[in-house]
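Pasting the structures here.
Common to both upcoming complexes is chain A, partnered first by chain B, then by chain C.
The block that comes next holds the complex of A and B.
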C-alpha cells in the first residue's frame, strides 16, 4: 500500500489482526451451536450470524494481507498461537450454556460495533470503506443479541438467574477486550484509528449498561493493570491451542492448497 | 464437526420453569427489489413480531438478495381456502392487505390493499378486483396493521461477500477449486513422467 507510511504498517496489521481474530474465534465458537440452538429458528439465525463473523474476519484478514503480503488463509490458519491477537473472551468454551453464549456475544458485539465505527472513520480509505459496510451488518448483530438479553434477563425468574450467573462468569473477561495493543498510539495520532480507547470504553459501558438496565441485570467491571499481558500481546488461555488445532486440521494437510 | 460437540450431553428435566406455549406462527414474505411485491417465503415460529423479523432476516432473508420482509401472524390471515377461514364479524373499517396465489402450489404474492369491515368483506372485495376467471387460485387477506415489516434502511442481505451461502456461489467456488487442484495434479504427474523419461 503506497499511501501507508512504513512505520505504521506493522501496528496497523496488528490492529486489524486483533479485530479479525476476535471475529474468527467468536464466529467459530458460535458455529458450534449449529444444530443445537434452543429453537430451530434461532439455531438458523445464530448460525447465520456466525457466518457473518467469519465473513468479517475474512475481509479484515484480506485487508491486513494487502499490507504485509500474506493471504487471508495464511493469516487465519497459518500462525502459531502466540501470534494471534484475540481476547480471552472469544477463546473460552461456553459449555453449550445458552445464557453464556448470549452474554459473550453481547459484550463482544457491542465492542465490535464501536471498534468498526472507529475503523469507518479511519484516514486510510481502504479501511474506512470496508468498515462502513461492516458497521451496517454489525448493527444487525447488536439488535439480535440485545433482543435476547432483554427477553431472557427480564423473562422468568429462572432465565434471569441464569443470565445473571453468565454475566458474573464472563464479565471479568469482557474488559480484556480493551487490553492495549502495542504501538496503538501511532495509529491514533496518524488518524488511522481515530478516537481513544478511554472514550470507547465509556461508550461501551454506557451501551451495555443501557441494555442491562432493560434486562434487570447488573454487572460490575474491573479493569486489569496495563502491565497485565493477555490476548492482545499473544498470551492466551489454554483453550486457544486445541481450538486452533481443530480449525486448522484441513488447512495444515496442504497449506498451499487454494481452498 | 466440532470435537466439543461430541461431548454434549442431552439434558432432560433440567429446566425448572414449565414450558410456556408462547410461540406463534408467522407467514414470511420477502421483497427482492424496492417497489416490487412481497413474495411468500415460508413459515416460522416466534414469540413476537420483533423476534419474527429477526428470525426471518437471518433465514428467509439470506436465501437471495432481498430488501424488505413482512411477518404476518398466521391467525391474522383469512382466505378463500379452507386452511384460513374468513370471519364475518363486522368491526370498524380498516385496511386489509391482499395476497394472490396465482396457481395451485405457487406461493402467495402481495397485491393491493382494500378497505373493509371484516375479513370476509375484504375477501369479497378482492374477489371482485380479481374477478377474471383463472386469474388466481386462492386469495388471502390480513389486516395491514398486524403485519410486521422491516424499515426502509434496514440491513437484511449482507454487503460483504457471502456468496458461499448460496448454492450457486458454492458450486462456482468449488468448481474453480477442483479445476485448480486437477490442473496442479496433472502438472505434477506430467513432471514425474518427464523426469522418468529424462533419467
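The block that comes next holds the complex of A and C.
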C-alpha cells in the first residue's frame, strides 16, 4: 500500500496520535521520578523506560505528521486538550507513590505491547517497519514491570497492601485504554490495524491476570459502555489541562522559535 | 554534573602510622602508581578519599534535582529526551561514586541518611535556584564545563577506583557540555526574549561557576595531604583561571555580557553592572576577572543558601517515600498467604 487512500488518512492519524499521546504522557509522568526513585539503580532504569516511551511517542508523531503535515513538536506541544487522544490512565498523577507508578506502567505496558504488535502487522509499511523495532523495546518494558509487580505484590505485607490499593484505584481507568476510536473499523478492514479490539482485550486480561496471580494480587475489571466518551474521543480528566500547561510552559513563550 | 569535591581533609595527627608503610605508600604515589582498595593506606587517606567520593556522589544526586524540575517543562521532544537522559546520567554517576565509597567502608544507606540529615555536604552550586529554561542551559554549559575541567584533573589522581570512575564520568560529561553549548547557542541565536532569558541566567550562574572550584587556596596547598597524596592534582585557583580563560572569550563570542551582580536571599539578581576587570592580560596570557563574593560562598556552604532547605527536603522525601520499596526488595518473601 504505497499511498494511503484519502478516507483512511484521518482515522490513521487519530490512531497514531492515540498511541503517541499514551506514550508521551506515560513517559512524561514517569520522568517525574528521574532523580527521585526509591533505589538508585531503579531510578536509572525507570528513566530509561520513560525515555523509551517518549522516544516511541516522537517516532509515532513523526509518522502521523508525515500524513497530515505537522511536525512532531507541533503535535506533542501545540494542540488543545480536546485534540489529544490519550486515555485517562496516563493523565492522572501518581502522587509520588511508587505502587501507583508501577501499577499504571503495568497496565499500560501490556496494552502497548499488544497495540504495537498489531501495528507491526500493518499493511502500511512505514508503520509496520517502525513498530517491529518498538515491539522489541516494549518487551523489555513488560519484563521489567512484571518483575516489579511480583517483587512488591509478593514482598512484605506492607508492599502487598500498597500494591493492592494502587490496583483498586487504577484498574477502573485501565479498561478505558480500550475505548474505541472513531472510524477504527475502516482501518481494521483495510489491514492497516489488523486484528480486533475484542481479541486484544482478552489477550490483555489474560496476560495481566497471569502476572497478578504470581503477585498475590487481585483485580476486578468492569468494561464501560461504548457510549461513555473518554480520552480517545477528546474527553479528558481534570489533570490533562494542568499537565499540558506545565509541559508547554516554555514552548508557548515562543511557539515559532527554535529551543 | 557536578563533581568537584573541594573539601578539606583533616589529618588526625594522633594516628601514628607505621613509618615504613607510610614511606612506601608515599613512594608509590610519587611514582604515579595507583592505590587500590585492598592496598595499605594511611587512615587519613582512607577517610579523606571516602569524604571526597561521598561528597562527589552526594553532589551528583542533589545535582539531579534542579535540572530534574525542568524535564516536564522542556520545550521540545528532543530537549525533553536529552534532559531526561542527562539527569539520568547524573544519577548514574552518583551510583558509581557511592559504590566507590561503599568499598572504602561506609554503607550506602548510612551515606544517604547522612546526606538528608545534613551531616555530610554536597556541592555548593546546587543551592542556587534554576527559575527558567535558561538556567538549565547555563548549568549544562557552565557548571558541567567546570565539572569536566575539574574532573579531568581528578582523573590524574592516585586512587584507582576513583580515577577509573572519573574517566568514565568525563566521557558522559562531554555530552552534557555539548548539549549545554547547543542550548546556549540556540537561545543566543533566537528572539530578543530568548536572548534575555540566556543573559539573565548567565548572570545568575557566573558567580556560582567561579565558586565551583572552591575557595582561594592556602599558600601551602601543594604540601597539604590532598595534593601530596594526589587526591587532587591542581589547585583551586589554577582551575578557576583555566575556566575563566576558556569561558570568558566563549561567552563574549556568543554575545553574553559578563556582569558583577548582587543577589537577594532567593538567589535572584537585584542589581548588575559590567565586570570592568574583564580583559585579556597579554603579559600573563590570562583573562582577568572579578572574584566572586566569597562571603556569600561561606554563607551558602554553611546551609544558608537560597535552596539548601528545598534540596534536602526533596531528597529526604524521596528517601522516606522509597523506604517501603527497599524493605520489600531486601526483606521480601514469598511467605505471604496465598491470593484469595
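Just so we're on the same page, the second predicted complex is superposed on the first by the 255 of 259 C-alpha atoms of A that agree within 3 Å, B and C clash if a C-alpha of one lies under 4 Å from a C-alpha of the other, contacts with A are read in each partner's own complex, and residues count from 1 in each chain.
Going forward, a residue touches a chain if its C-beta (ideal position, glycine included) is under 8 Å from a C-beta of that chain, and two chains touch if they have at least 3 such contacts.
These numbers come from a predicted model, not from an experiment.
Student: Have a look at where A:236 lands relative to chain B and chain C in the superposition and call it first, second, both or neither.
Tutor: A:236: touches no partner chain.
Student: Chain B or chain C: which reaches more residues on chain A?
Tutor: The partner with more contacted residues on chain A is C.
Student: Which holds for A:93: it touches chain B only (first), chain C only (second), both, or neither?
Tutor: After superposing on A, A:93 lies in contact with chain B but is clear of chain C.
Student: Using the superposition on chain A described above, determine whether A:55 touches chain B (first), chain C (second), both, or neither.
Tutor: So A:55 meets both chain B and chain C here.
Student: Which partner does A:72 reach: the first (chain B), the second (chain C), both, or neither?
Tutor: Second partner only.
Student: Between chain B (first) and chain C (second), which does A:105 come into contact with in this model arrangement: first, second, both, or neither?
Tutor: A:105: touches no partner chain.
Student: Is A:134 in contact with chain B, with chain C, with both, or with neither (first, second, both, neither)?
Tutor: Only chain B; A:134 stays clear of chain C.
Student: Which partner does A:118 reach: the first (chain B), the second (chain C), both, or neither?
Tutor: A:118: touches no partner chain.
Student: Contacts for A:250 in the overlay, against chain B (first) and chain C (second): which applies, first, second, both or neither?
Tutor: In the superposed model, A:250 contacts chain C only, not chain B.
Student: Which partner chains sit in contact with A:144 here, chain B, chain C, both or neither? Use first/second/both/neither.
Tutor: Only chain B; A:144 stays clear of chain C.
Student: Residue overlap on chain A between the chain B contact set and the chain C contact set?
Tutor: In the superposed arrangement, which is not itself an observed complex, chain A uses residues 31-32, 36, 39-41, 44, 48, 51, 55, 96, 151, 156-159, 246, 257-259 for both chain B and chain C.
Student: Using the touch definition up top, name the residues of chain C that touch chain A in the complex.
Tutor: The contact residues of chain C facing chain A are 61, 64-65, 68, 71-81, 84-85, 87-88, 90-92, 94-95, 98, 108, 133, 186-187, 189-191, 193-194, 314, 317-318, 321-329, 331-334, 336-340.
Student: If we count contacts the way the header does, which residues on chain A are in touch with chain B in the complex?
Tutor: 31-32, 36, 39-42, 44-45, 48-49, 51-52, 55-56, 59, 93, 96, 133-134, 136-137, 139-140, 143-144, 147, 151, 156-159, 246, 257-259
Student: Can you tell me which positions in chain B touch chain A when the two form their complex?
Tutor: 2-5, 8, 15-17, 23, 44-47, 50-51, 54-55, 57-59, 62, 155, 158-162, 165, 177, 180-181
Student: Which residues, counting only chain A, touch chain C once they are in their complex?
Tutor: 28, 31-32, 34-41, 43-44, 47-48, 50-51, 54-55, 57-58, 61, 72-73, 76-77, 96-98, 151-152, 154-160, 162, 213, 216-218, 246-247, 249-251, 253-254, 257-259
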